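Each of the next two complexes has chain A plus one other chain: chain B in the first, chain C in the second.
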Partner chain A sequence: MTVQSTNRTDNLAAAADPEAAVSVPPPGTPQAPPPAGLLRFPLLRSSRFRLAVRRLLTAIPVVWGVTFLGFTVLNLLPGDAAQALLGADATPQEVAKLSHQLHLDQPFFTRYWNWLTSALSGHLGNSLGSGQQVTAILVQRLPVTFELLLYAFIVSLLIAIPVATFAARKPGGIFDSITTFIALVGLSVAPYILALLLILFFAVDLSLFPALGWTPISGGLGSNLRSLTLPALSLGFPIGCFYTRLLRADVLEQLDEDYVVTAHAKGLPGWRVLLRHATPNSMFGLITVVALNAGTFLGGTVIVEQIFGLPGIGEELFQAIQTRDSPVLEGIVVVFAVLVVVIGLLADLLYAALDPRIRYDNPGQ
Partner chain B sequence: MTIPVSEAAVAAIPAATASRARGRLRQTLALYVPTGLLAAIIVACFLYPLVGNVPPPVGGSVLDAGLPAGTAGHPFGTDTSGNDIFSRLLYGGRVSLEVGAATQVIGMILGGLIGMIAGYSRGLLAAVLMRVLDTLIAFPALVLALAIAEGLGPGELHVIWALSFFSVPAFARLARAATLRLRDQNFMLAAALSGTPRWRIVAFHLAPNLLPQQLTFALLGAGVAIIQEGALSFLSLGVPPPGASWGNMIASGMQTMSVRPSLVLLPCLALLITVAALNLLGDALRARWSAR
Partner chain C sequence: MAAVLLCAAAVAACSGKSTTGAAGPGGAAGGASATPGPQNSATPKPGGSFTMLEETGLTGAWPTGLDPATDGNGSANQSYLNAIYGNLFELGANGQTINDLATGYTITQDGKTVTIHLRQGVTFSDGTPFNAAAVAFNFKRDLASTVGDKPNWPVSSISTSGNYDVVIHLTQAYAPIINTFHDSNVNWIASPTALQKMGENAFKLAPVGAGPFTVVSDTVSSELVLKKNPHYWAKGQPYLDSLTFKSVASDEAALETMQAGGVDGYEGMQTPQLVSAFGKQFNVLDVPSTSPYVIQLNTAIAPFNNLNAREAVYYATDVNLIDQRLFGDLHPVTQGFTAPNGLFYEKSVPGYRTYDLAKAKAAVKAAGGVTVDLMATQSSVTQTVLEALQTMWQAAGMKVNIHVNQLANVIQQFQGNKWQASLQTAGAFDPAAGLGVNFRFGSKSVFSGVHDPKLDTMFANATSTLDNAKRGQLYNQAAEYISQNAYAPFLFPVNGWNIAAKNVSGPGLTTLLPASAVRPEILWAQVGFTGQ
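Now for the complex of A and B:
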């Protein structure tokens, strides 16, 4: 049993490796240790808190790098916002004048520095096109995207957890064979293809759900959810299939462990062993993958929002790229990057919460 | 004292052999069915238009627009511009397969190299590489792909560059994790102790050990790249019409979806089958190589 459990911890460490490697800078890189005087507070001494702080500290250069990369990419693109705003037949004088007004004629690093300093004080600038504050745009658009993400995530878990658990009950059985096949095909479906199929079937043929548009929560929770159901399904089903395959393998692995044999030997009914012992212990791999896939998941909303005409961040992003609206684009990129970092951090904290044996202290401490 | 041998146990032996044989058959099928499917798709897209009687995918006459499936010379009918749908499916498949293959080759070579260096070298270089990789991974890749595709203008080659920003960091992360696992194993230490130059260790001791994992990952990644190419074409940032691509076929078919769903369904199906075949093959290879 001891051997088994050490193995399991090793596996976990290996599974969490990319994340763990992110959190532990190689020896030699400077790292800000918490001041010794504060260590007398128990909370500040707890390994979880230290982990959170360390992860947040290492996230700073990553988020900074993302903003710089975003600025660079947008700067390297041919054409600029002034040209895009004025259209193709604007005279060079007009373009130059507008460029000057928008400070686009300043050198690259000056513009980046100005943006960065104001961003650090919480002001993300104004949209070059509409003049609206970027933060206002984000506040207006993000709730739709977040609701869609959350809904899709719940859909994917509602598919993955029950299906994987029951498939693992009898590996090779009928249910397992069918769901394994469906999951493999399902994870090959692109969200936009599924979206079109769902529209074709549920909206055009059956008229069960609206094909386009979005009803705000103020228009009633029911119709709000109805307008988001098809988008959430098209986003959540493929990723749910992916999670299913992963979780099924993990549950099967857990069922080989000694504690499962012990539980059976004690006379616990099989379903109880499965639901209360094996499945909860299989969640670690899923958490890792959810965190690693967060970026892809976010990216997937862009196209799904386009298809269903949802007024989320995806539509704004698409416009911002076409009009070279760098403040808006930067704002979106920062939000996405921060989200990915926060989700990664949450995953690490969840490991520690689920398994008290996991310690994120540096070896040798 | 004799040990009681139940008859069931004896009877179970041939049953077990049979089930093992069935398992082996299943494994073989899992490998050869997707391989055959992929080979068929590749032959159909690249060779069949050269030998078969396939009309050109573009330049159809409006007089032929909207012919139903089964019309002479047009097995799947024609689209709203009068182009043969079957031919567009084949030529669109070329784009998808080329993009899938190219992004993975670029990712495997460039990303593999970066990952091996980041995993094998210790010190500043590894730290800097890791931060760059972290940044690339945290950066919403679709934003990058959209921006690059928009900036460079539509076109197959530009899609390949844009999508390589997905594949390179993914391969690099994979190669780095594998390198970290292998770095301190005995055969690596033995090579280092016997004075093998570092580049030789990386090229001839490390890289061959990473190859199986990278190849299976490339198959799965090709599926993702094909889906992304479809997405970019769908957003009219990929292959510009009238050129054929599954993505832009889906996008243009969407306009007449309620009247002629087959214009959307056929390219969707082609994309789904191709990606599923890639996933199945990657899966079978992984099962085979991890069992070893």
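Now for the complex of A and C:
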């Protein structure tokens, strides 16, 4: 890996993307000969495209690894799917019969291989319990989780960016002190505690939002957003507090940079320096943390969906673990792994979009 | 009292002519001794949409779908199954068997042939006929299934007689046969045509029955939306236009959700400390359980293959104190496997060893010291009870390690037969039905700590005795025998509470019915809003 920059933000970018080389091309680099074949297309020649391809190729062993790990962990847990599905009152004979029906009596590697080959042909299998196709379960439940994640992410950014920016404007001031305290409280409170408090205040006392359930968009956008507001706050607020602390520190650091002093010297108003220059340049750290934090964010849906009774993928994951439903668990693991990889890739692409100086090259080239 | 009441039911059972709507063998439930909460029995008005909460950990989970033959959680899912399929027989107030899709039953003098008479003119919600062929198809399929809530009938064959009689041929008399309908999958009849047309996997997600409601949508273990069955056989019922079940994570979450509005009921609340909070705004129905908690002792291995060690546990356990301190004295302390709201309840067992610390210490000494691993399945109740037992037993000189495990782990422990003591529940409305007494005390059950042929014979005799008064006596003798041998001390059945909005009325929800399996049935066809 080559990092041709001493800028802190570039270091953070590199931390989020150990694969990528961030470089500023030296002047006078000779022109390469005209490309041939598929490389005639500009898109295919772009460093971003090549980065995406490299990332997606890297994702293959990652996704395989997490599916194998998931299968192994589920196999190590006490009890098996047949017992979990039949309950405590089933006889050993009944459990053995169902185990045979579900092929759970086959060796571990045989079962994993069967699942893997089936998954590679596009069939993620059927739930051991309900018999539903795993893809059908994902199609049914993923929209809820995606919507929750998006809403929570927006909430976290809506908290973090303005609060951090204005807190950094006068460090140690009243606004900074109050928001620092709130951010620390937000970081300390577990999402499930926050969820119960939000329900008590906004659902029970004020009757502003429902305490349970999800209304699809077909039931009206307003109702849909109302049903997701408290879950999104429960998930987004603690993470928003984390982002606030991080972004505030980055903005403060940027305000000490030479270009800020120059901007002030040129007579630019303080608010403009803050909003147009310091804050945008502080975003690299936030993007990095968002990418690194994607797994935690996804994991949070498991608890939040349980509390608010949202029929999303987190709730399904919880049930799949309880019933040792390996095909469902594996399907969800694949989705989560791909999501984390894609979010990381998006973060890399965003670096380049925010800073045109950044170019992703293969260090070997 | 129980014996007297049983005699009336026994006459009907033994006469060979049980008539429509008459009390069946369940006529002896001690409903009078239960402590019901506020009841709303007003007749509902037609219409309205009802939302019911179910707790995720038990009734709110249906991971294997809602086909009676494959639903591994059937006993806990009875609310959904009752709403979709109706019942052949219902368990009514005071333990009476009430006809629903069946119109009665006949048992021959030798008890080996049982004929179920079916209601005529009924169709499944897919328009196909509900008849003897459909019921016989379901019986055979249910009995061949692997689910735990299928009945333990000693069946030789099942046949039909005409269009509306199903005949069950038994190898021996089986007294609890009608009571087994209340807590097993044979009570719910699926449409064979729909099953064949849809296939098993699709059917379990959108099942078709002849009950008061039909399925609109099913998000497994999360939300089940039902609508009124326009072809339901009972005129004017169901009262509700739609019925939605939603899973909720905990009792606390259920309270907040109900307080926030838009939800009309919650089934099986388990936290005593929340009763008053619910009671401020809603009707709270006290629902006595029929399965007492028992401390199972594994008599096959040390230390409890020693009578002194078992006696020490009896003497060291202050059940009344646990009930007072942990549950506000809400639960009736028991000394056997029957409970006040079930059959054959016996409040006191002669010779039962009660709390006596001095005797406990002496028994520990006589046993040469007792070191015990005590386990339980994880729940809000078991954790605190285990800690209380640990304190009490340690005061008597025992060394006690407690383990609260997931169900799968508890099952593994039973199967390995290395466990020493386990806090579990035992019994059912009818001791021979469902998770009955054999499950915890029979030699053949892997979940039993007792392996005593004499006790097995006592249970077998009670099961095959058609005279319910004699059955009651036999179970009382069995309880006395368990007590004499100090096989397992009993604690109390842990009540639950059904919560409903003030303007709601319905059997099982706002008026008390006995618990058949896990919970009492809620008769959804008769639930509705009273407009108060």
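The criterion applied here is as follows: the second predicted complex is superposed on the first by the 317 of 365 C-alpha atoms of A that agree within 3 Å, B and C clash if a C-alpha of one lies under 4 Å from a C-alpha of the other, contacts with A are read in each partner's own complex, and residues count from 1 in each chain.
Everything below uses one rule, namely that contacts are C-beta pairs under 8 Å (C-beta built on N, C-alpha and C of every residue); 3 or more make two chains touch, one makes a residue touch a chain.
Keep in mind that this is a model prediction, so the values were computed, not measured.
**Student:** Taking chain A as the common reference, can chain B and chain C both be placed on it without clashing, or not? Answer clash or fit.
**Tutor:** Clash.
**Student:** Just to be sure I read the superposition right, which of the two partners does A:94 touch: chain B = first, chain C = second, or both, or neither?
**Tutor:** After superposition on chain A, A:94 lies in contact with chain C alone.
**Student:** Check the residue A:83 against both partner chains and state whether it touches chain B (first), chain C (second), both, or neither.
**Tutor:** second
**Student:** Could you tell me if A:309 is touching chain B, chain C, both of them or neither one (first, second, both, neither)?
**Tutor:** second
**Student:** Output check: A:217 vs chain B and chain C. Expected answer is one of first, second, both, neither. What do you get?
**Tutor:** neither
**Student:** Check the residue A:341 against both partner chains and state whether it touches chain B (first), chain C (second), both, or neither.
**Tutor:** First partner only.
**Student:** Is A:325 in contact with chain B, with chain C, with both, or with neither (first, second, both, neither)?
**Tutor:** Second partner only.
**Student:** Between chain B and chain C, whom does A:204 touch in the aligned arrangement: first, second, both, or neither?
**Tutor:** both
**Student:** Considering only the touch criterion stated at the top, classify A:132 as touching first (chain B), second (chain C), both, or neither.
**Tutor:** It touches chain C, and chain B stays clear.
**Student:** After superposition on the shared chain, which partner residues are touched by A:53: those of chain B (first), chain C (second), both, or neither?
**Tutor:** After superposing on A, A:53 lies clear of both chain B and chain C.
**Student:** After superposing the two complexes, find the one stretch in chain B that runs into chain C, choosing from 19-27, 37-45, 55-63 or 217-225.
**Tutor:** None of the options clash except 55-63.
**Student:** Quick check on the output: what are the common chain A residues between the chain B footprint and the chain C footprint?
**Tutor:** Touching chain B and chain C on chain A: residues 77-79, 196, 199-200, 204, 306, 322.
**Student:** In the complex formed with chain C, which residues of chain A make contact?
**Tutor:** Of all residues in chain A, those touching chain C are 77-80, 83-92, 94-95, 97-98, 101, 126-127, 129-132, 137, 140-141, 196, 199-200, 203-204, 207, 210-213, 306-307, 309, 311, 315, 319, 322-325.
**Student:** Quick one: in the complex, what on chain B touches chain A?
**Tutor:** The touching residues are 122-124, 126-127, 130-132, 134-144, 146-148, 150-151, 173, 176-177, 180-181, 223, 227, 230-231, 234-235, 250, 254, 257-258, 261, 264-265, 268, 271-272, 275-276, 278-280, 283.
**Student:** Could you please specify the touching residues of chain C with respect to chain A in the complex?
**Tutor:** Going by the criterion above, the answer is residues 53, 56, 61, 63-65, 72-73, 146-149, 200-201, 204-205, 219-223, 246-249, 252-253, 256-257, 259-263, 377, 406-412, 415, 434-435, 439, 446-447.
**Student:** Using the touch definition from the top, list the residues of chain A that touch chain B in their complex.
**Tutor:** Per the stated touch rule, the residues are 14, 17-18, 21-22, 25-26, 28-29, 61-63, 65-66, 69-70, 73-74, 76-79, 184-185, 187-190, 192-193, 196-197, 199-200, 204, 295-296, 298-300, 302-303, 306, 317-318, 321-322, 329, 332-333, 336-337, 340-341.
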